[in-house]
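Here come two complexes built around chain A, the first alongside chain B, the second alongside chain C.
Entry: the complex of A and B
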């Protein structure tokens, strides 16, 4: 293994390889930051470039892209309330309020640093679990996937805060929207109303672009001014403060990275779920009862950003071990490997271990490089929040709509983005949380599909959820995550009352 | 290297913008009915530059993913273009024929497509999990009295249909566990015990079992039970042919390239010639061998005959197929 690592480092440290890596990182940052494009598009667009390359050079270029997209996506999530890619959606919850308070620099600094550290933790985990990959992947069967999805859905209760009723209403709408389209269990199309565009379901990225980016632009147009609420009285906070915040809140970063790696390794779940779970866990486990989330808490940026970058390493576990992509991005990456005559699976790990380590080294260097670029430019990026709406609205709207279109070059996706923009605007206006809608949209079908598969496999026996250790563990975690904040709040209130009585 | 990278990066960036523009006169769009990364995607992307080479002149063949409706969306798109040879699609047969056979709404009919060539094919194998140890031979399967659970993709997919027809011919009522996104995922489902057996393309199976380090190879737990062929078994198991089911040998998949029906004869001939040369190119064959794809070139006339043969064969099982899709 050590020898392969040395070869991996050696492959990277030549002028050509470094230039490829930097180009990959730059493309990844750009495609990550532009809503709708994302790493999958970037990797797919770069495939023809790799035709004449050596396999290790193709891997370096792709590694550079994959490692940098989440970091790029955090910038637009913080500055424009628009997740550059879906896994950055949870970053908007506290990142954007921070930007509105004029703390965009700090938020970007924290997001980029958490991304780098999370990415490194994910990659270290990838290296560490290479010998036990098989056991990890085989551990998860449909009952466990179902419980994992239920665990994620609990984030709805957490994200709703004091708007539980509104949260539940939007979550139900999210579930209904998620059920539209082809259902893989029956092979039938549901609720499409005969509209061909809806036969494959509502696509997540155009929906999120409308719900978060364009709706925010409508809101800004109505309100006027700039993203930062009072540009005259605030200065762009120091990016270094954000970096310091990550080290100060190291446990938040570590827990987020753990979620990212673990969930990234489970095929079909992905970085979006990892980021949501990391965020909701952070809200629940925060020892300070007076700290509010969703209104500009730096820990609400660190938790999802460390998770969505750590998942890059995690999602490569099933990709490399079994040729099963852990995410859409790694699915395309798999295609790149196959094009270069490299068969993913244990054969790759056994016969081409140096290539695996070349990828590991490329991912590590790229995530650090992307972070340094973002940190260097954060101050200038943050100025975007002070730009007048007259400039910002048309620019962001055009970029967002082009992003929605470019994903599948489908005009219908632009229509979806616009419909969700209107829905999103009314949700902002009437104080309905958009987060719960998104969580339900992402997890609804995953929950349903795995429940149905469990019932098919176990002949409708519901007790199976209680007879498998991992399923039970996830159930216990779900119950704890729901009950623990209430329990902790009550204990604290009682202690405060006692202290108050004692001091009388 | 650097100049190619810079040029390529600029081209990639421009591609996003270019996608907003009308197709350039000399561009041929090579449609892929599925998302990036899969078998159809990689075959198409490997073929595109070879078709450019054999067409000559200054023609760009640009691959474009158009996933949706289990492949129907791209096929509908193709037949609704002007018949000028500027759009190609790599068809998944018999998957693309299913809507035509069972009477599902589709704008296209595989019998009227202007076929150009076949690039590759795949044949199937029934596999089980060695870990479970439930079945050691195909006879164990046919004599099994309880339900046989089969992890599978959605009803209506090529693997699902082949399994439904095979099981029907043996009088076995399969209990499908559906919803897996790909064959690698349902194969993993068999290994971890979600079901008893499943169907795999032989190339995929070969790929899964050729690891040197057994203890790290989950797919190594797959064991072949029955090979669908009339020839000798490549895996030392019983074959449908040796068991007297010669008609089942057709079960499998074909990757066929076609263009819009009604394309002028001269254009079609030129295209067919270039596409056939591309699929017969030694570079394509060498690549297929390297990555385990069964490259099987057919010319335009042979491809058309094959398409009609497949349509006629699967039409015999219309009721089985229709029932599976409406499950």
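Entry: the complex of A and C
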């Protein structure tokens, strides 16, 4: 193993490899920061460039892209309330309020540092758990996947603070929207209303662009003003304060990284769920915060950012070990491996171990490189929040619509983005969380697929969810999460009573 | 709507629209085979009591208060205090929607590249009251960015508009 690590380091430290890594990181940062593009698009677009490369060079380029995307995505999440990629959506909850308070630099500093450290934790975990991970992932059969998805949705609804019912409602609407289109199990096209564009289902990218990017522009246009409510203090906020905050709140970063690694390793669940679960766990761990979550608590930036970068290492565990991609991004990466004649699985780990370690070293170096770039430019990036809304709205709207169109080059996707923008605006207006809607949309297919598979395997016996220990555990966690607001209230009341008694 | 305070009535209408959508969804679900509708129906029927509970939290009733406290640990009044109080007139919203609809319509008719500078210029000049020079500068910077990134670097063929498809070649 040590020998393979040395070969991995040797592969990386040549001029060509370093240039590839820097190019990959730059592309990852750019694609991560521009809403609607994301790492999957970047990895897919770069595949043709790797044709003439050695396998380890292709891996370095792809590693650079994958490691830098989340870091880039956090910048637009904090500054524009528009997640560059879906996993950065949780960062907007506290990152954007911090930007509005003129602390964009601190939020970016904390986000980038948490991303780097989370990424490194994820990569270390990748190396450490490969031998045992197979057993853990195999514990998840359809009933467990179904319960995990339900638990994810409820936990995220709870993390909407005082909007639990509204979070559940938007989650259900997200599931309903997810039902539109071809149902793989039976081959039936459902709820498409005869519109050919909807027969393949609502595409995630235009829906997310509409829901997060354009709806925010509509909201800004209706409200007026500028993104930063206190633009005068932007220059005062220092990026280094954010870096310090991560080390001060190291436990938040570690817990987030743990979530990212574990959830990332569960195929199909991915970084978005990891980031939101990490965020909701942070909210639950901190019942009496100094600054309320959702109103600019720095820990609300550290938790999701550490998770969504740690998931890169985690999602590579099933990809490399079993050939099961942990995310869309790693699914495309899997294609690159196969294109270069590398067969994932035990064979890769035994016969091509140096390649695995080349990827590990490339991911580690590029996540640090991307962070250094963001930290160096954060001051200038933060200036973006001072831009008047009337410059930002038309430019971001047009770029977002091009992004919605670009992935599938389908003009109907632009219309879908607009429809979701209007839906998203009404959600903002009436304070209905968009996050649960998004997660449900992402998890909808997976949830239904696992529900149906469970029913088929167990002859429609619903009690199966109550007879398997992991499924029951997840069910109990789901029920407990729904009672959490009441529990939190009681804890707060008890604390207040104690404080009152102590002050007497 | 006497049970619901005036400031919560727009939310009640929004909730009603969601309820009607869900009822419509359930009705459409019954047109599919049992295997295709099992899970959608489960989701649809779960939605109705949740929507009704949320509806109750908007009312000035004791049960509404209790539901609100159980699910959000706050009374409806406390939630009102934390809510965004920005004045949002329907007219203002409709004007912004219209701008966005015109943008999408423009893209559909004329394509991305001609509409981008026109939209950015018009918005900045007429909504932002920027100078012609500044508006033109921003319009062409945005166009250059989109053209260089998408058409040249990424080699996407951006949509050229339905009119170009009909009359272009």
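To be clear about the criterion, the second predicted complex is superposed on the first by the 459 of 504 C-alpha atoms of A that agree within 3 Å, B and C clash if a C-alpha of one lies under 4 Å from a C-alpha of the other, contacts with A are read in each partner's own complex, and residues count from 1 in each chain.
The rule is short, and it goes like this: contacts are C-beta pairs under 8 Å (C-beta built on N, C-alpha and C of every residue); 3 or more make two chains touch, one makes a residue touch a chain.
Remember, it's a predicted structure, so these values are computed and weren't measured experimentally.
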Q.
If we overlay the two complexes on their shared chain A, which of chain B and chain C does A:21 touch? Say first, second, both or neither.
A. neither
Q: Determine, under the contact definition given at the top, whether A:52 touches first (chain B), second (chain C), both, or neither.
A: first
Q: Could you tell me if A:218 is touching chain B, chain C, both of them or neither one (first, second, both, neither)?
A: second
Q.
A:334 in the overlay: touching chain B, chain C, both, or neither? Say first, second, both or neither.
A. first
Q) Now for A:175: first (chain B), second (chain C), both, or neither, which partner does it touch? A) second
Q: May I ask you to decide whether A:431 touches chain B, chain C, both, or neither, giving the answer as first, second, both or neither?
A: second
Q.
With both complexes superposed on chain A, which partner does A:452 reach: first (chain B), second (chain C), both or neither?
A. both
Q | Contacts of A:142 with chain B and chain C, given as first, second, both or neither | A | first
Q) Which holds for A:185: it touches chain B only (first), chain C only (second), both, or neither? A) both
Q: Starting from the residues of chain A touching chain B, keep only those that also touch chain C in the other complex, and list them.
A: 45, 183, 185-186, 188, 402, 405-406, 409, 452
**Q.** List of chain C residues in touch with chain A within their complex
**A.** 10-11, 14-15, 18, 21-22, 25, 28, 32-33, 35-36, 38-40, 43-44, 46-47, 50-51, 53-54, 57, 67, 69-74, 78-79, 82-84, 86, 88, 92-93, 96-97, 99-101, 103-104, 107-108, 112, 115-116, 119-120, 123-124, 127-130, 138, 142, 145-146, 150, 154, 156-159
Q: Report the residues of chain B in contact with chain A in the complex, numbered from low to high.
A: 1-2, 4-6, 8-9, 12, 15-16, 19-20, 35-38, 41-42, 45-46, 49, 64-70, 73, 149, 153-157, 160, 175-182, 184-185, 188-189, 191-195, 207-208, 210-213, 216-220, 287, 290-292, 324-327
Q. So in the complex, which bits of chain A are touching chain C?
A. 45, 161-166, 168-169, 172-173, 175-176, 179, 183, 185-186, 188, 190-191, 214, 218, 221-223, 388-391, 393-395, 397-399, 401-402, 405-406, 409, 411, 414-415, 418, 421-422, 425-426, 429-432, 447-448, 451-452, 455, 485-486, 488-489, 492
Q: Name, in rising order, each residue of chain A that touches chain B in their complex.
A: 16, 19-20, 23, 27, 37, 40-49, 51-53, 57, 61, 131, 133-134, 137-138, 141-142, 182-188, 196, 199-200, 267-268, 321-325, 328, 331-335, 338-339, 341, 343, 345-347, 349-351, 402, 405-406, 408-409, 449, 452-453, 456-457
